[in-house]
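Take a look at the structures below.
You will see two complexes here that share subunit A, one where it goes with subunit B and one where it goes with subunit C.
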Partner chain A sequence: MGSSWLQFVAGGLTSGAIYALVALGFAIVFNASGAINFAQGEFVMVGSMSAVTLLGLGLPLPVAVVLAIAAAAVVALIIERIAIAPARHAETVTLIIITIGVSLFLRGLAQLLWGTGVFRLPGFSGDEPIAVGNATILPQSLWVLGGAAVSVVLLATFYRRTLLGKAMLATSYNRLAAQLVGIDTRVVLFASFGLAAALGAIGGVLIAPIAFTSYDAGIMLGLKGFAAAMLGGLGSFAGAVAGGLLLGLLEGLGAGFVSSAYKDAIAFVVILAVLFFLPGGLLGTRHRDRV
Partner chain B sequence: MVQRRIPAIASRIAGAALSLFALLPPPAHAQAPEPVRIGAFLSVTGPAAFLGDPELKTLEMYVERINAEGGVLGGRKLQLVSYDDAGDAEKARTFAKRLIEQDKVDLIVGGSTTGTTMAALPLAEQAGTPFISLAGAVPIVEPVKKWVFKTPHTDRMACEKIFVDAQARKLTRIALISGSGGFDKSMRGECLKTAAKYGVEFVADETYGANDTDMTAQLTKIKGSGAQAVLNAGFGQGPAIVTRNYRQVGLTLPLYQSHGVASREYIKLSGPAAEGVRLPAAALLVSDLLPAGDAQKPVVANYRKAFEDKYKTDVSTFGGHAYDGLMLALNAMKAAGGTDKAKVRDALEATRGYVGTGGVVNMSASDHMGLDLSAFRMLEVKEGNWSLVK
Partner chain C sequence: MGPAIATVSERVPARHWVASARSGGTLLLAAIVAFAPLVLPNNYAYDVAVQIALNAIVCVGLNLLIGYAGQISLGHAGFFALGGYGSAILATRFGVPVWVSLPATCAMVGALAWLVGRPTLRLKGHTLAMATLGLGVIISIAITTEDRLTGGPDGMAVPPLVLFGAAVQGERLWYWIAGALLVAAVWLSLNLIESPNGRALRALHGSEVAAQTLGIDAARFKLQVFTLSAVFAALAGALTAHYAGFITPVKSSFLHSVELVIMVVFGGMASVFGAVVGAAVLTVLPQLLTVLKDYEMMVFGAVLVATMVLFPQGIVPTLARRFGGRAR
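Let's look at the complex of A and B:
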């Protein structure tokens, strides 16, 4: 029993990386609009389901994956134009409610398109488990972990080095002030939705070989991803990843050492405790209003 | 002489007129025989639609067929009165009430889920209407209710079927892992209850959430538990993840799954990891694998062909439950010589040797399901396909 902890950690990190990828999507939209995009899980689902369909059409896996990510981004951009943009002057709460509507709409549409079946993508590097000490990890888990790491680095660079990235950050701090210095906040919101959806879709195609996908896969992913984002601190990319990994580890270790019956409960109790003592989350940035 | 012949001629004319009438389509007010009313409340939409949808399709198809062939009980047509309860127990109760009081049905076939069945069951008992449920749980027929019968196998039978197989393989220390859904929990409970009867001892009892993506922690614990085999009571995608994680953590013990995964989807999702997995399943799913002499083979093959030809989708065991319900009802009416409710009920209870899609049904006063373990077949996944365990 003494050596099983490594397997608990490996399993936990796998789940954790999945949550982290979803949490990153929450962080992007939050940074742009101050709103929580509750359709984030659905963008993950749209990405993975599209990849399954494209693969079924006979496209090679890499092509199917890239097209699926693009498809999810396009869907998000269309939705932003139709549903989010007209309400951009509304309160944050209104935006949040609209995203809940969008998530229901996408789920219904997916059910019509793809039915209620469960689908799976093949593992990117096969399905042969890799031994790490006396634990095993699937090659796909490394893809997920690596995908999360690369996404964080790219996002950080994007926000720090590009004009659009800086504009997004400025908008999140103070929309009016950002407009005054000439930032088109409509473009910022538009772009951030596409970016968040693309990131969600990347997560979706990376995790579909492990966790499968179905029209309602977005519900659980959205919930756990949101929890991870809250735990790490909303709006912080490093926080999203840390929150996701921590949530996964808590679940894995909880299921292993305490009881699998309390796995979800343990994770959520810890989240509540963190938020109670650290309302901003672990790495949450305190908002400073600065023009 | 002439006077005496007149009535004879009159009766001949009347007779000819009557036979002419029989040839013509009957006008609305004609004395057509009263139809036999079959009531149904099913979960055609909502979360249990995968149950109710094939059930309704099956009932509609066979009512249409039987009417086209001249009806039942010497020319009486079947009339199907069906309602969609969307899986809502409260609605199911309302519809059952309407079926009994307003539609005055002769018999009820339905209740896709255990919840809707249990909600409607007291009404059928009170009104004295024969009621054949299509739901799985044991409490529907245990204790026996006078007017209530059911067609599907129970999860208890699935446990027992697995234990019998395990016994034959001399596996007595079994690790249990189960999902957190209603089906999973119920089956876990039944397995724990019946284990002792088969000399099975549970050395682990792990659970996972319906949408969990990683079960390696639970399986690692099981690996260290000294089990000789593992039993997963689960439904949906969870068991496929368990199967993949099972191979990932290097478990090589025999793995049993429940009848909840008896579909092609399970093999597809699990991939090569499913090789060697055993599970109990109804004959309907493996109709093409059954040996030629099998009593159920013609029944399941016919039903499968009829359903798949008409609806162009894969047959499911749930539609088969509705087929059995309707046929049991019609057989009982034939035996009772009519639709008198008390007589039909007695005839249902006296059903012996009915060969259906679910198995061979032998009802009795103490058994309103009438299936034994032969209703389940033990399957093993071999080379990405089902095979029958001899």
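Let's look at the complex of A and C:
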């Protein structure tokens, strides 16, 4: 009994770390544009699928991983220029629908490039499970948790120490005020897309050895990342991380002790409950309505 | 920014009734439905027409929500599939006659939408999108998992619609039923938009704060529209299932929800006829794209992005403005 607890918690935290990275991407774009970027999940997929392809070309794993993350960011930056920037004055609903269009386009493109097969990256340091008590943990789980933690720390440093990071933070507090002090919010929006995509792609390559990847792997990861962001409070970075970990944990325990068939539904049951009983999310107080 | 559409001030009292969108527009649509059979060459064309009409019913309802209430639903495929599965399950597993099971299912879906919408629509921003998305995914997973009731991923057979003791079969008969219901749905929606409630709804889209200061209960009107749109989706879903004689979980998928939203925004937000045109174009387009099956999703996505960037208001309102007419 004790060992299955540990097993489910470890599994849950591993998925939760990925949801946290995806949720951070949602928060970053939301803070820059006020819109939900439904293509966020697709960037996760672009990252992991590119890594598989680059590895297939004979590149060493670390190089393939770094290039794949960069590729996802570049794709996001191009898309921001073509599809998002021209419509940045449109209503939020319009922006959301544009991102849905982008996600369909990317998924269609991925299907064309890679087919409908399922791919997998090798574990970063082997696939030999580590015994912890009576539970076994894949070394890749440690990579996921460590990688996610490093990403979050780097992100926090970026926001605190760099001019662009500070500009992005200022824009998220008040876009008009940011413009008034001379911040180019177009650059902020541009950078936000690249940053969000890079975080998503990091999640994608980290989880690919465990969960595998395919052209449509981004749908569920994207939706759960959105749920995690809402759970923590949309726009809050700490909330995104907390929401992601909590969601993964609940999912791991729910799948283990309640029903594995309904594993994917658990996240959404939780989010519905939160919306009904705790509408601001766990840590989301910044965007409260003012009249 | 700026209010997308027709503002509250455009009441034109002296307008002749034929020229008004409500009566004239409904008459025009009725005429199109009545005379289209003159150019429909075969049963395949009738079949496409039936699908267009059924999709258009969903879109007309969804358009009220997206275009007029400014709220997005990413779970309408859930309501659509619940309509189909609900009516089918009541009829086959519980022996309820179809003419009872169909309206009963629509009422139940309406009640569900009301329950979900009541707490979420009081909140601002993206909560309805999240709630409907969550509900849709849960419905989809439940339909796929509860295979004793629903047949699981393979889907289930659905008995035919029975009216006045006779089974409704054949594309031509279905054409008239679906067409008549579409005209009724459009008429109902136009009435709602022209009603004081509708004007309130449009004021709401312009500025919710301003509308509230005028005493408009924003949440209540949004809830009405959301519930109505869910009932329309359930009705169309049930009819689609009885018409096809079969339903699979694909109808409940997130992608189907997205497809429905695409139809609405492509045709034109806040334009009832835009919703019909959007449903028509995007029902026919995949039929034409079957030769390009591999590119279908890419083309769909590209069309959606291009439409929203070039015509943020959708096709029908943009054209209507260009030719000086009124989009409604």
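Basically, the second predicted complex is superposed on the first by the 275 of 291 C-alpha atoms of A that agree within 3 Å, B and C clash if a C-alpha of one lies under 4 Å from a C-alpha of the other, contacts with A are read in each partner's own complex, and residues count from 1 in each chain.
Note that contacts are C-beta pairs under 8 Å (C-beta built on N, C-alpha and C of every residue); 3 or more make two chains touch, one makes a residue touch a chain.
What you see is a predicted model; the values in this text were computed from it and never measured.
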Given the touch rule stated above, what does A:265 touch, subunit B (first), subunit C (second), both, or neither?
second
Quick check for you: in the superposed arrangement, does A:146 touch first (subunit B), second (subunit C), both or neither?
neither
Considering only touches as defined above, state whether A:56 meets subunit B (first), subunit C (second), both or neither.
neither
Which partner does A:133 reach: the first (subunit B), the second (subunit C), both, or neither?
neither
Which partner chains sit in contact with A:111 here, subunit B, subunit C, both or neither? Use first/second/both/neither.
second
Is A:256 contacted by the first partner subunit B, the second partner subunit C, both or neither?
first
Go through the superposed model and pick first if A:96 touches only subunit B, second if only subunit C, both, or neither.
second
Given the touch rule stated above, what does A:275 touch, subunit B (first), subunit C (second), both, or neither?
second
Those residues of subunit A which subunit B touches in one complex and subunit C touches in the other
219, 261, 264
Touch list for subunit A against partner subunit B, complex
1, 4, 7-8, 10-12, 14-15, 18, 116-118, 120, 127, 129, 135-138, 207, 210-212, 214, 217, 219-220, 248, 251-253, 255-256, 260-261, 263-264
Interface residues, subunit C side, partner subunit A - complex
1, 4, 66, 70, 72, 116, 119-120, 123-127, 129-131, 133-135, 137-138, 141-142, 145, 209, 212, 254, 258, 261-262, 265, 269, 294-305, 308-309, 312
Okay, in this complex, where on subunit A does subunit C touch?
36, 82-83, 86-87, 89-91, 93-94, 96-98, 100-109, 111-112, 219, 223, 226-227, 230, 234, 261-262, 264-265, 268-269, 271-272, 275-276, 279, 287, 289, 291
Touching residues on subunit B, where the partner in the complex is subunit A:
49-50, 206-209, 211-218, 220-221, 223-224, 236-237, 240-241, 244-245, 247-250, 265, 268-269, 271-273
